[in-house]
Structures are given as structure tokens and as C-alpha cells.
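In the two complexes that follow, chain A is the common piece, with chain B as its partner first and chain C second.
And now, the complex of A and B:
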């Protein structure tokens, strides 16, 4: 009989199965417990130190500290500005990002699988490079675009005050915040759309709904979960964003909280660490509240799942709208990546920043300078090592935690979610102070190595990775995991062979954005990095303070190129290959 | 198939593949929302012998899937005992719970649950790589052979997303069979495909069953599917098994009005026992008095219940056309409707205050005709309330 092994063999093997049971599960449970405890320590020890210092500085409650903090001039306006920026950014980025995701994943606006990467191209460019690039492009006096534009307008007899269109303004800030946020929204929404059963949309189309009705009535509600996550992501990242307001908001006299806190620590003497910590605590509570609200909304709605039934993606035909849609995507890529990168390159090749290109002076001197000088070289290699290490570690941790949380279910799952998001409630700079105090000195003595920066980033980027991982885990159908267990796989193997590969596309997207973020991170770097453990962020701040713009541009170009190559390679290799190339028919 | 004769240990002695004893599983209702507890599995006993396929049949929410998942280990019961091939895999008394991955079973899921990121080959080979005694070549040979047998040969390099529903189903079946598990579980595996493919797969499943003689538990709400596949049918209601018998017995001798109603179609009329003697009772109904034979001794005079008869045991003849010669009581009526179903006619006849449905190979009567309805004497049954 061809069915080979029979019930008798099965019965004979039982003792082995029994012995494997104890051998197979215990290590997994122990490892997971250790992971959870370890992460818990890295997150909560510094936070605990912050709490103690905020509430009980010197062992007792200090009302004066709170009074000073909240009566300080400038705080109100900084908080108000932060709020306005977060709301405007979210209101614009979420619709744009979701719409792009829908265009690419669900309609024939995409061309080839490569176009799926279009909206994430801006992720290749860390926000600091984006900010510097746009400074070069749209500075009212010396911007590559702004200057010719004003000259042309003047030629037509229009007298326009240059500063009214400056990048150092409210419009400019919102513009850059949106450019920065859209890809983050896109990543989450695209993952959800790609896992969505196309028959939902087909059903709507068959019922006679138009393309737009189909989008708003069916596709959008079906990925509510992802939309909710991206709203959260947007709000959190706008509140925490430092590089753009630091470089451009300062000149426009638009203060935001992240910059305000940085000033408390770096530009006052003695540093007002206490006030910074109190503000950090308050921000933490506000963001936790927003997060809980999002959870509450999300829990009331379902979400689309990857089922065990394979689905064939069937793209919606846009017809006449196809090219306008594509042009919109290309324009977006130009604004976020191509133009700023070109500006960076041009300035980097010149001895100093000027609005016109003098071909005879172009040289690679600025780049050579980095290669020859030991400190910048070390900073670049340190940052690359950190970026690879941190993004890999953090997405793995986030993926594992998301799976553990889902297995636990119920209230425990909720708490896992809250705890992994908690770090996003703390501005990087405040957490970095916590980390420095917690791990920099006795008994750890990590203050001058890469490890302390690694630990800080691990926590700082955990929320970003967790949001991506949770969204991915939610989409894996329960039966796929159960099937793996039924067919003899222990939790470890189930994770490795079923859960991990299925959430990998989501994790890879998270990896890519975190890689770029780490490479251009300024905020924690300002606290934890120094001449002995330099990273790119530290170098950028030094160059910006010195006003050496051409070297700044060279550094920006290097970040851009390194992340572009790495991130695109990763996204190409990590994209889901299954079912996507499915032939139609049959 | 040499499996049965060489079994070792307890399973060989008892010949029992699955033994479920006093199993209970309750889903706690949300007190805040005022939802009551649901007794999904309520003190169930069930035995699956070697080579036997037990079909759990019932409407949705009757607990059949929870019972299946408890056997699989995907659900942890509250109390009771589950043994698979003589090995205790769950016992509330002894605190034993063997997780599903160590129960050595195969399962087909309602959603197929094929892993979309693995090829057909990888999907089917997956259970074998958890087992000992299989090297790469023998895995390859076995998987390809099995795919061939199930009519999906040559698809091994495809991804599940590239297959049709029927093909995915076969791949899922191959995956369930490949490790030659001691027990196969089926969770409504055919509910997502169209009727024709479903029939073919059912026939194929029967064939496989004859070839490999696997023991299995099969959950479905489709009674036709249940009767085709079952060696033993377990009809469930509210977490309890209401009848456990062969399809034939369940159909012909339903244990209760619930079972009679759920399995096949049946004519039912409220009745009251007026007279009882020698295992035969005269029962008064809306359309007249009927004599029912083979009454249980426990039934006494004055009892109320149901008189039931299957539609194919009812004949309809034109009025005054010699119905008296047929074996059974007959009642006058008027044809309300006559429907042609290809293999049979369905006649609905109005008998005054009640209606009867008859299935006949041929029907001369049409709507409005006056007829005599004959109930086959041996097929009239009494079911207590």
C-alpha cells in the first residue's frame, strides 16, 4: 500500500514524541520569558529613573519643579505648535499614504512589482537629509528652486516677499512633516491591502459601485485596523520628530516640544534636566491616552486576514486615471527624494553653499575629507553597524513580542501592546538621558561605547517596529498557526517556518524604516554619542552648529546613498513572493 | 494495508483510536454584557474504533467543532478525558494535557490553512519533516506520489494562491494524510467549494478511506455529506450527542424528533396515544387515527409525542383507485403541488388540517386532484416529546 507508514508506526513513535515534548517547549518558554524580562528591564529601568527624578527629586516631592516647568515662557507656544503640526500632518499624510497604498496594491496604476517601492523611497532618506536637502532647495535667499522662482516672478513684475514662500515657515514645516510621514502610513496600509481578499472589492464592483465608491465603501473600511495604526504612527512620529524642526523651525521661530526639551538640556546652564524629565513624563501620559483611544476604536472593528485560502490579486482597472495617478506618485518621489538628494549632491560637491552651480569648483573634497579624517569615518561605520544591528534586533524582538502577545490573548495582549508603545511617549532625548543615567555609570559603565546607544535605540524604535509587527501578526489567520501545530511543529518551529515568514514582509518594511531612522538619528545621539563613540547624528549636529553646509551636504548624501542601497535591497529581497506572480485563469 | 494487524500496546488491545470520556467545555459568557455561559461540549462520551470514520453532525453552534478541537488539542477542555490510540492526551483528573503537535494526528481545516508562503511540495512535506525516519529522498518520493494519487501531481512547485479551490483542498488532504497519522480530523473541509467538486472529493475521500482504513472524526453540518462518509454518525445538539449509530439506523430509527428532523426530511404530526397493546399503539392526530407498531414498552396511554414517516415511504394514488389493497393506513387528500426533481417527484398533499409530503418515482396526479395518501405501515414511527 502506497500510503507508507501506517498507524502502527505512528503508535511506535509515540514515546519519541513524548520525549520531544518536554525537550521542545521548555526552552522556548524560557527564552520568551527572558526576552520579555530583558526588554522590560531595558525599557523600564530608565523610565523608572525618569519617574523618580520627576516626582521625587532628591527623595521628596518638589512642587517648585512642576511650577517652574509649566510657567516657563515658551512652553505653551511650543506645545501648541506641536499639537497643530501633529494634527495637520496626520490629517494630510494618512489620506495621502492610504491612497498611494491603494493605488499601488489594488489598481493597475502600479507598473511591475518595483513600483511597490516607489512610495517608500523617501524612507531611504533620513529626515535630517530631507530637511537639509530642502533647506538647500527652498531657502528664500539661496535655494536652488526658490531663488530662480523669485527671479522669474520678479521678471513678470510680481513683487513677492521672498520669506513668504520660505521653507523656514509653517507651510514649509507642514510640507516636510507630510513628506516624512506619508511613507510610514504607506508601509502599514500597503501591507494590509496586499493581504486583503480581493473578492471583497470585486463584490462591490459587481454590485455596481464606482471605483471611488469601491475605495471608500469597501477597501478602506476593510483595512480600518491599519488606518488606525497609521494615524497613531503619524501622531507619534510628528510629536517626536526633532531633526526637521531643529534645522528649519528654529530659523522660522516655530518652537516645538522636542526642540524645547533639547534646549532645556543643552542650552541652559545648568541643564534643566528636572524640567525636561517632568515634560517627558507628561508627554508620556498624553501619548499613552491617545494610544489607548486608538486601541479602543480598533478593537471594535475587525480586520482583514490572510486566510489559508490562497487569493489571486485582481487589480482594479483605472482606465483614464491611470497616468494621472502615476504622475502623482512620481511627483511625490521627486519631492521627497530626488530633488533633495540632487540638492545635497550639488552642495556637497562645492566648497561652500551658493545658489548657483560653479562647475569649475566642483570636487569630491568634502567626501575625501570624511574618508581621510578618522572621526567622520568612524562615525559613519559606527552608524551603519548600529543601524543594521538595531533594526534587525528590534524587528525580531517586536515580532516575537507580538506573537507572544497574540498567543496570550485578552488583557495580557492589551498590556503587551501598551508596554511596547510606551517608549514612543517619551521624547528620544528624555529617554536618552534616562539611559545615560541608568547604564552610563556604575554598575554598567557603558557611557562611552556603542552598546549604550544600541540599548537606547532598541527601546526608542521598539514602538515603530511593534506597530508594524502587530499589524502583520494580526493578519495571519489563526488556522495557519494551528495547522502547523497539528502537523507536529513545536512553537519554535511554528514561529520559524510559519509565523515569521508570513509576518516578514511587514517586519522587513519596519526594518527598512528603522534602518534609515537610525542612520539619521540626531536626538538621542546628541546625548549619548561623543568623540569616543561618534555616530552620524553627532557629526551632523557639530557640522550644523559650525555652519559648514557643504560638509553637511556631503554627510547627507552619504546617508542617503547608504540607506538607499540597503533599504531597496532589503525591500526587494523581503517582499512576499508567494501568490503575487500568480497567473490568472485556470 | 497491514496497519491493523501489527498495532502494539493498549491501542491494539482495545482497537480504539479515540476515546472521549465525560468531556466538558464551557465558554464563559461576558457577565458585563449579560451573555450566558455556553456549554459547547456537555459531558460527551465518544469512541472511534480503528478504521472507523465518525461524523459529527449538527447545526452551527451545537459544539461539534469544539469537540473536534478538543480531540485535536487546539482547545483545552474543562474536564473529562481524551485518549488517542490508548495514550491519554487529556485528563483533568491526572492533569495531563498533550499539545496538538505531540498528538500525531492529521487535520483538514475549514479554510484549508495552507501556508501561502510555501509551495505545494513544502506544504505537504511539512508534517514529514517533524517525523523521524524520513530522509530527503523518501520525503520527496512520498509527497510526489501522494500528490499524484490525489490528482494534483505536477503542481508541487506552485504556491497555494495559484491553485483553484478544489486543488487547494486536495493539497490540504495530502498534507493531512502524508504522515500516516493515527487519526485524521476534518473540520468542515468541504464547505468552501462548489457542489460538483465537493461530490468528487467526497467520493475520493471514501475511496481513500477504503484503501488506507484511517480512523477519523469529521465535522459537518451537511447531512448528505455526513451520510455518505460516516461509518458512524453522531448527531449533536447543544453540546450533547443525541444519537450515535450508523447512518442507516439514524435515518430509519431516529432517537428523537430533533434527530429525525435534522437528518433527512420527515413528515411529522403531533399525536396522542389513545390505546396501546402488544407494542402497537393507536395514535390520534389532526388527520385521523394511525396505528404505530414497534412501540417501546416505556410509552403509556395518554402520552403525547410525534407520529413521523419519511416522504419516500408515503404513496399517493388517485382517489378510489384501490388504495385499500396497499399495506398501510390511507387518508383522503387534495394535491397542493407536484414538483419534478429529475430522479423523483415531490407531492404535497393537503389532508384537511395537515399536510404530507410524498416522494415518488412517478406521479400521475397534478395540482387539485383528489387522492388517497398511503403511509407504509412499517415505516410509521412514534417519537416521544
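And now, the complex of A and C:
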């Protein structure tokens, strides 16, 4: 397997003479080779199975499948709508997320460690809960905010058609896509800013550059890789997001690729798995091209790295802009996170969703229903275990792969980068079928345990982890690693004591994103979870099909609380330990 | 399959229990795994009733039809069947994969003798039928105002007030649209398209919007989606539509490689028993070939017609265009 060769090559190129003498090289070579081989097997065995089954039925190539796929009515418009959404989402989310990260990590706009968590709050809800929370608020006919607003406007004699300002519209979709994407951008950018050597910024300030010129001229170019990674993350999430367009896009009659593919698999009988895989292959090529483009742009000019000198980031003093910046952050959080969370919580207390709150009918029944019944309790605890395990494993794997790739350099690095992004092009449900066939039955027999879901998520979330890890690894300069080697440390020790602590904030950021994503994952759960291994996704699907929005809101609130506690703790513990930051003049 | 249910019942009450030996063998096997694509509450209730009656532990997997079938077929393609009894919200899975189901007869399932032949395929039987309804908000519409026939929904007075369950999201809803075209006429479908309706992805979501007062009417849908909400005093009601009355079917089969074959027989026969049917019809607004007149408490139906389950791709596209839902 090509992967095995490249891993060995990587290890061969890594150590210097000193480390060879220590005898520490061999275990590292073996470990890295095993890691790469193992991941290659987990990724490509299921993909191979689904490719062969769907694209080569009976062992023959079927051109009709490709013709049917690309001539299907509705595909063109779904692809076009997805492109528009991806471009708009990226164009808005990346500047907003990066700017917030800069404000919080590099200026005195932040107050206390908790402010680091503010932009991450929308990340704590699974997309389905986020979409429903906004439906509760902004449905023009029954939303907590929109309905009184329309009534008031009518009171002033303004006859506005409710659907003209609905959340079920292009602007509503873009708004929610941005809401979903900004935290992902923020965590990657914040990790990059937090690890940035401040000497360049300080030099710029000494030379008399203003705050904004310092941001655009120095800070932003210095985290070029993180910005590029954020673009990629936004594009990937815009293509893959299902719950929001399914709930709100359908009503607005805006079709997107994810919903189109979901319909191929779930609402056609027999499922058109072959067409879904053909589209997945095309998406793989698109994603690979975007990744290469991003790398090319990011590496065209140099970017700042964590160097060998001690870093003690000083915060830029915003002066009179400090409070406007803080108010902007708070407003963002209030508009995008607090309001939908409150809506979700209110509906969770209601017996059913209705726009007028009847206080006497509010109760904790929907929460107690979950907490008292054994099946939901088991699903919640399984999902938490799974989310912790998957997040930890996948960021470690992604981190190690990113280091191996960086050491390999050149074409091999590019292949590593592309291969770790490929799973993002395959719909979760299709990959889950591949995993079920690959590992569910003989000789593995994993079909009714948590391990099979773990393996599936390990691959499904590898692209997200990999983007975060690459960004973090690219930030680490070579001089520290070389110094460690010169002093005789073997590669394993260099990784443990030098590289890992430096890339940790980036990995922690990836961990937080993936933890929340695992808790709310639905489509793979539908195939791999069941009565013996229930997870929250399985529960959400059941509620979505048979329950009430109030029960769904209660489940969303529970996930929000679990995510909030875990992600906050991890992000706070994982922040860089450079000592206290001191404000400096600017 | 469009004939009425009124003359369906073949045989009067006869002993329909399985022999004691089968019951004992089933109890020895000790475990049931039930795959179901119908309502979660209904699925859970029947498994619990069965467990209580026979002392056999029961678990179930409840998913929407597409996901359930995909999972069942993947498991069976790999010789790893898990389900003992399989219930789908349509007959296609049994017809397309007959090799995975055993042939059914009255010797295997004595209660089959009570069923009209028109509801029995070689390897599956329709145990329940669900009539398509209009669900409405009682604060916004009175019972007298609600459309009683499908054609009345095309009245211009409902323009902008209809929440239509997206026919692209399910073979059953698409089958309703196909039946509308063939039974009521293409002119009706075109008139409906001109109603400036809003689309909702599923009946389960549609009923929540009706309860919240976002729209007065939602169709096509099933009354069972509103059962929980009505119990919580939500202002909703459902009306079985006429002209014609359209039903979808829930079909059951026994997998050829059921892990617990005696449990499978016992549970499948139990699902067709008067005891189980009465319990379902008491809790949910269901109908069944076993009880066309409503004597067991089920919804009585006159001349129900099945949705068109088999719609080719060309007609599908034509219907979607006709109703105004082709992508744009």
C-alpha cells in the first residue's frame, strides 16, 4: 500500500544522526507506519466496498449510471444553489470569524477567559436544534419574535406579506449557514492567533501603524494558513450541512446538494446509492482542488510561525474602540446564540410549540421524559462517551498525520492532505453503509456495538480534525524541532515535549468542534445505531419523525448543556500557557 | 387493489392461536427483534404488550422506511439478518427482495385466515392501512369550514393558507399525488399548484406548524402524527378526506433468516390478532383490513383506495412539475 511506503519514508527523513544513536527511531517508524496503514484501512476499505457495489454492479462499469446521475432533473439547480450558499457563507463567515478571533486573542476587547468562549456558543447546538430554534423565533406566522413584529407592523397599517421576511428564505438560509460556520472559523483562527509570535505586531505598532492597519497588514497575513483552513472548513460545511436546508430550504423551495443526495438515498425506492456515490466522487475532486488551491495561495508568501524565542503576547489596546468592540461581540452572541437557545428552552418547557407563552402550562415534563426513561439515558451517555473518544482519537490521529505529512513535504504532503479530506465528500449515510458492510459482519462482527460507530466517525470527522491540525502544525516553526533533535531527543520525545504542546491549542479547537458535531450527528447514526447501541442521533431522528418539537427542543437543550460544559472546560484548559498577557499601547 | 374493504373479511372467528408447542419454543428462544417503519409509540406499545403476554423480551429498531430497508437489506446481503419481524410502510421492499422473506400462509400464521386475499402478497401482508387526512388548526378553522373532499382544497379561499407535505420526500406522499392525478384529475393538481402553498418536509413537522398556528391546513398527512399533540391540548383536528379516501399500507413479513423463527411466527400472528388491532386502534386513528366496519374500534372506511406505490421516473417528474415543485 502506498501509504505504508510514504510513512516509512517520512520517518527515514525525519531524524538526524543524534536521534539515530538514541535508538528511538525504530518505534516511531513502526508506530507511524501502523497509524497510516490503520487509518488507510479504515478509510479506504469501506469506500472501496461502496464504490465497487454501487459503481461496478456485477463487476461491470455501467455508463448509464453516470448518464442518469448527471441528467437527473434538479441536480443542476441544487448544485448551483449549493455553490451560491458556499460562496456567500464563506465570504461572510471567514472575515467575521477571523475578526472575532483577533479581537479576543490579540486585543484588550476580551475580558477574562470566558470571553474566549462567546463566539463558540452556536457550536454547542447540533444543526437540527439550531435550525428549529430559529424556526421558533423567526417563522413569520408563529415565531416568538417575527409574529409580534408583523402584528405590530400591521398595527401601523403596513401590510407586509409574511413570507417576504421569512426565515425560510435565501437570506434566512445564508444567515443560519453563517451562524453555523463562524464558530468553526473562530476556533481555528483563535488557535492560530493565540500561538502567534507577537514581535511582528509589536514592531508594526512601534513603527506607528494603526490598529486596523496592524490587523490587515500584519496579524492577518501571519495566520494565512488558518484563514485558508477556515475557507476550506466553510466550504466543506456548506456542502455537507443537511438539517438547516432540509427544514428551512424545503419550505423556501431552495434545493441544495445535501438534501438532493439525501433524497436519492432515503426517499427513492430502491435507494439510488450509485448516483449518490457518483456525486460523492465529483465532490471529492472539487474538494481536492479547493484544498490544493488553498495550500498554494497560503504558501505563496511566508506566514508567521511559532519560533524559538519566548512568546509573551501583549494585547493591543483598542482605547475608545474597546467597548464598541465588546458590544459588537455581545450583540453577535445575543442575536445568534442566546435568543435561539432561549427559544429552544421555552419550547422545551411548553407542552407543544405555540407563539404565545402560557406560563401555567410550562413544566419540566419533556426533560424528565428523557432523564427518567432508560433508553434516552443510555443514548445520551453513549453519545458523550463516543464524542469524547472520537474527538480525542481523531485529533491525535490528524495531528500525527499532519506532522508526518509536513516532514515528508512536496508531493507526498499534498497527497496526505488530499486523502485526509476525501471522506468529507462522501455522504455520511453512504459511508456508514460501507462501514456496516466492512466491519459489521464476518470476520469483525461489530454491528451492534459502539466500536463500529466510533470507526465510522473517526473517518467522517477526519477532514475537520485534519484541517485544524494542519493549520496548527503549519504554525510551528522548524527551529524548535531541530533544536530538540540536535540535543539528542528522539522523534517521539520531540513530538511529546516540543511539537504537541505547541500544536495543542489548534488540536483542542478541532476537538471542541468535533465533540459538538459527534453529539448531533444523524445520518450515520441511522445506519449504525440501534436498540442495542443507541446514540443521541438515533433519538433525534425518532423525535423528528414521531415526537413533538417540544421534545426535540428539550433534547437540543440537553445537548447544549452537555456541550457547553465539556467544550468550555476543554477550550479553557487547552489554551496556550504563555503566561499572563499584558496590554500594551497601540 | 382499489376495491372496498367492506367485503374483505373472509372467515368468521375461528381459533387463531398458534399451537402451544410453538409458544413454548418461542419462549425458549426468548427474544424478539422487531424492525418497524411505523409510528414509534405504536411500535413500542405492541412490543411491550407482546413481552407482557408471552414473557419474551422484545427490542425494536424504528426508522423511516428508506433507512430501515437499507439497513435490513445490507444485513441480509451479508448473511447477518437481525430482524425477526419486518414491518414497512409499503409493499415494495417485499416485492423487490422476496428472497429475504418466507412465504406466508394460514398454517404459518393462523390469523391470516381472517384477512382478505387482496391484502395478502406471497411474502407479506398488509396489517394496517392509514387514511390520508387534512390536519387543521381549530382556532383558525371551524369543523364546518374544513374541506371534506380533496377537490375542495383547491378552492381559492385557501390560497396561501395551505401547508403541503412535500411529495418529493416520500414514495407514499408521491403516491398520493399520483392517485390525485389519476382519480381526481390533472386539472385538480394544477389548481392545487396555483394555491401558493408552502411546503413542509414531513407530516410530523407539518402538524407542529399547524399546532403553532403558522397555517390553518396541512395535507396530505396522517392523523397519528397529531396523537401526542392532541393529548397535550393542542388546537388540532384531523379529517379523513373523501373523493376518494386514500390509504397507505403497512405491510409485514417474516425474514427468511430470522434468528428466532418461533418468536417471529408468534409475534407476526400477534400483530394480526384482534387484541393487538383493538389496542392500536384505541390509541391511534388507524384502519385495518381486519376491521373495515370499525367494530374493533378502528376507523371505518368506505371504498378506500391505495396510494400509487409504483410510479416510474418519467411520471414522477411530470407530477412534480405539475404541482410546481420542480427545482428552480
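Going forward, the second predicted complex is superposed on the first by the 543 of 586 C-alpha atoms of A that agree within 3 Å, B and C clash if a C-alpha of one lies under 4 Å from a C-alpha of the other, contacts with A are read in each partner's own complex, and residues count from 1 in each chain.
Here is the rule we use: contacts are C-beta pairs under 8 Å (C-beta built on N, C-alpha and C of every residue); 3 or more make two chains touch, one makes a residue touch a chain.
Note that the coordinates shown come from a computational prediction; the quantities given were computed from them, not determined experimentally.
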Task: Check whether A:514 is in contact with chain B, with chain C, with both or with neither, and answer first, second, both or neither.
output: neither
- request: Check the residue A:109 against both partner chains and state whether it touches chain B (first), chain C (second), both, or neither.
  value: neither
Task: Figure out whether A:479 sits in contact with chain B (first) or chain C (second), or with both, or with neither.
output: first
Task: Go through the superposed model and pick first if A:390 touches only chain B, second if only chain C, both, or neither.
output: neither
- prompt: Once the shared chain is lined up, is A:455 touching chain B (first), chain C (second), both, or neither of them?
  reply: neither
- request: For A:488, select first, second, both or neither according to whether it touches chain B, chain C, the two together, or no partner.
  value: first
Field: chain A residues within the chain C interface of the complex
entry: 73-74, 76-78, 139, 141-142, 163, 168, 246-247, 250-251, 253, 255, 263, 265-271, 351-355, 429, 433, 436-437, 440-442, 447-448, 526-527, 530-532, 541-542, 544-549
Chain A contact footprint on chain B (complex, rising order): 1-4, 6-9, 11, 17, 50, 72-74, 85-87, 98-107, 109-118, 126-127, 130-133, 142, 145-146, 149, 159-165, 168, 172, 175, 177, 179-182, 185, 192, 211-212, 214-215
- request: Note which residues of chain A are touching chain B in the complex, please.
  value: 1-14, 16-18, 20-21, 24-25, 306-312, 477, 479-480, 482-490, 493-494, 497-498, 501-502, 576-580, 582-583, 586
- prompt: Mind pulling up the chain C residues that touch chain A in the complex?
  reply: 33, 39-41, 59-67, 69-71, 74-75, 77-80, 82, 90, 92-93, 96, 166, 168-171, 198-202, 204-205, 208-209, 211-215, 225, 228-229, 232-234, 317, 325-328
